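Alright, structures below, take your time with them.
You will see chain A twice below: alongside chain B first, and alongside chain C after that.
For the complex of A and B:
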């Protein structure tokens, strides 16, 4: 990752800070919201024990201070870097992270306990640590990534690495809840599928931007649907097979759905052809039905979704409790910290910190709060697509759109799952769910989007000649010079001064 | 009502209000960006950036706005006049059809090349592609985005 990334210009070159007033103003609102939320948490806990002296205080002043300090440092670094980068992304991500921190503070700290040396870290502490790493990574990527050739030139290498990672997880991974998702290497354990999401977008952006002109052409017709030359449909079939493979091998429905959705969206953005989307959705439906027939996990999930009240205290327990939580929340919610009454010392919703944070927020902030949170995700998508629309070339455009869509699709899939709109799939709510791999991935995405939004970034490398692929369709004639390599200068003897003036 | 409970509720509502204040400020910024984009005079469809030009006309690094139809050649009547002895009077034509750019060679003496491959018929272009006429190389780029208000 350091190959094409020159050192920090703030250290090497003269510092030319560029003010980011819009970002400053938005971050001030974020700070206000996090502080008020923390006060609200503290007050709510005082309601519970009436004996305590009542007064305004913060629930966990150290955490709030560290988090806001982190955002301030990221902001100052972006100012010092002097780039003309997007000013909405960091505050929006910061707001989501702040909500996440408040939620993790509020849940029983024993949900996650990690002991490092003499310290015992609870849920809130660990989440704060991951948030620090995530925003640190985002800031570092935003100011160091100046060129994208290390991504676009090695797209097949990246794809191979991604598939290798997937296979390694399948072979050496640990089984958790019947899903084989995490991989432990030495002391580090993580979920490689998260990293795979970025790799997939990089590969698709590279592939589609290179082959777009050929994908747009129509040469095969199947009934009313015009298809491109058949060789270029191969990646579509491959993506479909990979998505199904993930379902069968890893029982990871969420990732499969995410991959295929992002793929179809990018294909549509690159070509503007509705036919592809129609074919893709049909393929998806066929595949989903096939999976329903042969994979028991899929069958269970769909049955629970169809009627969770058939077994409300057994298989349908989680989703039924989630629906009750949304119902208890009502319009304005019960207030931060006042929801989720424990049942026998347990939270009503299992895995609330990873899979169901939206249900908890729905109870405590109500319909109004959940709408605002979904609005924040919409803002992230809008910024991503804006950055894509003004990117210098196809690759950067598709990369920005794809990265934003990874966050957006993920938020949609898990939110719809929590609300019983679609069958539940285990996937994280970006920036809000507890989880290191997921937070780091989101940090990487924000970092890349910030870097891509920079107006002064260096121009893309010259495109490769289309020779190799064009030959597949036999469209480019024999005239093509074998020497037409990276420098597209035809041999000069062939040229003669033009006199037809 | 108990003043303490009142405070609790005021703080809770204040949190929600701040969330919406945040969204409102962002929405205003986004709408401002869109308005600025819509106000942009003479919306262009693309740009040609001169990558290399041994003759010096057009100058290297120049960025030329494109209309839906742009002819390239040595004749002064072309939209893009290229002063190069290997360029024909009417050399090539760039057209924006629907949502993509296409290039066509107008029977020039020395041909037109896209990323090094010769153009034999109407060829679709992507942003970032390099077109070569004579010794002059031009890169097709996206239209300039509107300056956001600061």
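For the complex of A and C:
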């Protein structure tokens, strides 16, 4: 990235485009899938309303064109940026977003109506707008984030800001369905807990990478049992307290479960000590039991989960309807737009667009579709973890892993809730659920992951490159700048990474 | 992503680093291992977790899909019930028993039924009051939500109209059913007739019947249903499948099946104490069991005891067979559990659930149960299955009402299927011979007057179920014909109808005669 490619106007600055063929190919597949889905949706509505014209068409050509155009623009910007970034993340997230767009077009548009000036926007329009912002944000972060010092240096400031946001929500927030999750500041309304997810990962990555040697080496011995060093368990206890606090104050079980799971995973990644995980799980179980005893919401949720069919038209209604939807879908599904039978014009699952999109997709795309969607999430996770494993230093490693885990854990929690594998908690399915805060958060995560995957940027001066780090930096340098005449750092023969374990 | 990146493998000869050099033990400043390995572990854990999600989805979408889709609370089923024109229901000859009309005001379809005689079998489909009978058990097929064929179901979703209402073809014979209802008349009771070789049910009659068309018609449903609910004669109870009755002597066939099946008695078994006990009563654990009047004090074998309907011989046979065997063989025919059938069934029982073998409290209960008193309770369908088991050489076929479902994709037939082999063909033949004696011998005829089908060897057993207190006993008959190659098995009960030979046996004889006239 030292010189502009020849032939480009100087006004664009030092631009050296780098083709991303793999991303191009994958995005073409995504475009094909979205177009096929839209045609299928159009055909279904033709059958339902035979008065309309027949023949192949798109359900909402403008939406599809705008969305695919958006992905194409993002793709071109990434090419122009010339950074050596991951080429799978954008198409994967793009596919999930495309599925979301098709689902929101298919649901009754009156689920969400926003009037902006002369326009009345329905569910599909609003979701498309959020998707545009989300992918725009992702692209912007991907090409602009070049240094992480602003993240790692001010981690306590970030954490304090996050807690402040949380408290502000608790004090000034709006109550919706007995949960106090959203905060309105002027014209902007959002759910700060979503942003907190990223802030928390930044803080944990900073804290854990800084204190890693101590957390790994030290032990507090109680008799024959070697416990983790007690002073460094303080963050674990604090985390536990924050999670429980969220449950008590905000009735937001999903977020609490997500924070705690991501925290435990990062702690394990940083230390490799199973003891932490065991202690953490025990703490979780104790906390969960405590919550079950004292928080009525938790009790209700667990009781519904244990037997939703006990009160299928009352408290168990949503989950029973979710299971019915999965059952109706069967192996191949009913087809986009052909599911979700209405009685007296009512959708079977009222919160389908926020909490139960997987049930709707399970019905209309079948087990095949659900498995594919779960697979897409798994691809996101594994790409994120791959970026983490090959990151330049431990902070970046933990940051990338944490961000991937936020998406993965969140998808797992809500999918498992929809499928009655765990008690249902109100949390969004990343990239698919309707919701601005959630989509923006997902965009931020993808943006950071793309930036972190850039193997062309030097990490801040590493303390002492060695082991895997040396190998990675050596490899990166070798790959990136051989022409610049910099001698690649050879893999250090002194430290063989595999033997480290 | 766990291992080292390809192409970057270090030289194999590199010495292991963590092998602690004695001079430099790990110190606080020693850098821990890289993160690749633990990240790999987390990746693996998430992969397993997502595989768990896919398995969960598979459970609901494949394993549980059929019953979830057909669940009456499913909006698909509710929507279909309102808008879909339900499939027809026809009898074995193709005669329509249930069809549809449209409400002139709303345009919504509703059910019309040909005859009240089928109300117990078909039940009703009402917009206000839900479904009952076959309209309930086959709701998914009749509304076309499911056609009972997983592959067909998956493909059906690709068709323009996803609803494919199925036509149900029943094994019911309209004329026999109507004759059975007419024969029961104003009495409460039930008749079950089935083909013992296939399990196809030709008659499943329960009286009183009810006007199921009035429940299905939205205009009259409210009033009709309220009246049915408060009716003291409980017309909504299908007595054939859900009425639990004391069987009396028809239960002796179950005792014979258990005795011969377990090998504890043979057709030639006699009991030394039996002749005297016929006159004086049989003392069991201090309790005296009395014979019904008119039975001679001579030694009986299986045939004599069945012809005379000897309580004493069967009590002794039951005691020798033992409670465990009696309950076991009864259980093989479905007593003690729900019967696998197209309609809901009540379960029958041999004992009161005491602590002894087979749930009998003591020998007194066992001895009394052996001739169908004590705590024995049976449904008419269950007793028809007992007769059918003897008739079919000891093999119980699954009883069924629906023989075919027909939709756009063609017809799916429900063939005969064997539920269990209860006893050997020889034992079945021995019991059949005794039952033939009970109908055709000079002695047996006194108890089963009118059961004999002219020109057809007929087997059977009457029963007179004493209910205690005043009032007439329940009148029972079970039987089958022809004895050598049975084509029809029957169970008849008339509540408070008097002795078995007074009411149930002649009705059974008439209905079997009619069957042979219709199916020459």
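Just so we're on the same page, the second predicted complex is superposed on the first by the 440 of 501 C-alpha atoms of A that agree within 3 Å, B and C clash if a C-alpha of one lies under 4 Å from a C-alpha of the other, contacts with A are read in each partner's own complex, and residues count from 1 in each chain.
We take it that a contact is a pair of C-beta atoms (placed from the backbone, for glycine too) under 8 Å apart; a residue touches a chain by one contact, two chains touch by 3 or more.
Because the structure is predicted, anything quoted here is derived from the model rather than measured.
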Touching partner for A:76 - first (chain B), second (chain C), both, neither: neither
Which of chain B and chain C A:382 touches, first, second, both or neither: both
Which superposed partner A:272 touches (first chain B, second chain C, both, neither): both
First (chain B), second (chain C), both or neither touched by A:408: second
Touching partner for A:421 - first (chain B), second (chain C), both, neither: second
Partner chain(s) touched by A:394 [first = chain B, second = chain C, both, neither]: both
First (chain B), second (chain C), both or neither touched by A:370: second
Chain B versus chain C as contact partner of A:165, first or second or both or neither: neither
First (chain B), second (chain C), both or neither touched by A:332: both
Residues of chain A at both interfaces, chain B in one complex, chain C in the other: 47, 212-213, 216-217, 272, 332-333, 335, 366, 375, 382, 386, 389-390, 394, 397, 464, 466-467, 494-498, 500-501
For the chain B and chain A complex, residues of the former touching the latter: 4-5, 7-9, 11-16, 18-23, 25-26, 29-30, 33, 51, 74-75, 85-89, 99-100, 108-111, 113-118, 120, 123-130, 132, 134, 137, 139, 141-142, 145, 150
Residues of chain A touching chain B in the complex: 21-22, 25-26, 29-30, 32-33, 36-37, 39-40, 43-44, 46-47, 54, 56, 87-88, 91-92, 95, 209, 212-213, 216-217, 272, 332-333, 335-336, 365-366, 368-369, 372-373, 375-376, 379, 382, 386, 389-395, 397, 459-460, 462-467, 470, 476-477, 479-481, 484-485, 487-490, 494-498, 500-501
Chain C partner contacts - residues on chain A that touch it in the complex: 47, 212-214, 216-218, 265, 268-272, 312-313, 320-321, 323-324, 326-335, 338, 341-343, 348, 362, 366-367, 370-371, 374-375, 377-378, 381-382, 385-386, 388-390, 394, 397-398, 401, 405, 408, 412, 415-416, 419-421, 464, 466-469, 471-472, 474-475, 491-501
Of chain C, residues touching chain A in the complex: 1-5, 7-8, 10-11, 14-19, 26, 28-43, 45-47, 49-50, 52-54, 56-58, 60-62, 64-69, 71, 73-76, 78-80, 82, 150, 153-154, 157-158, 160, 162
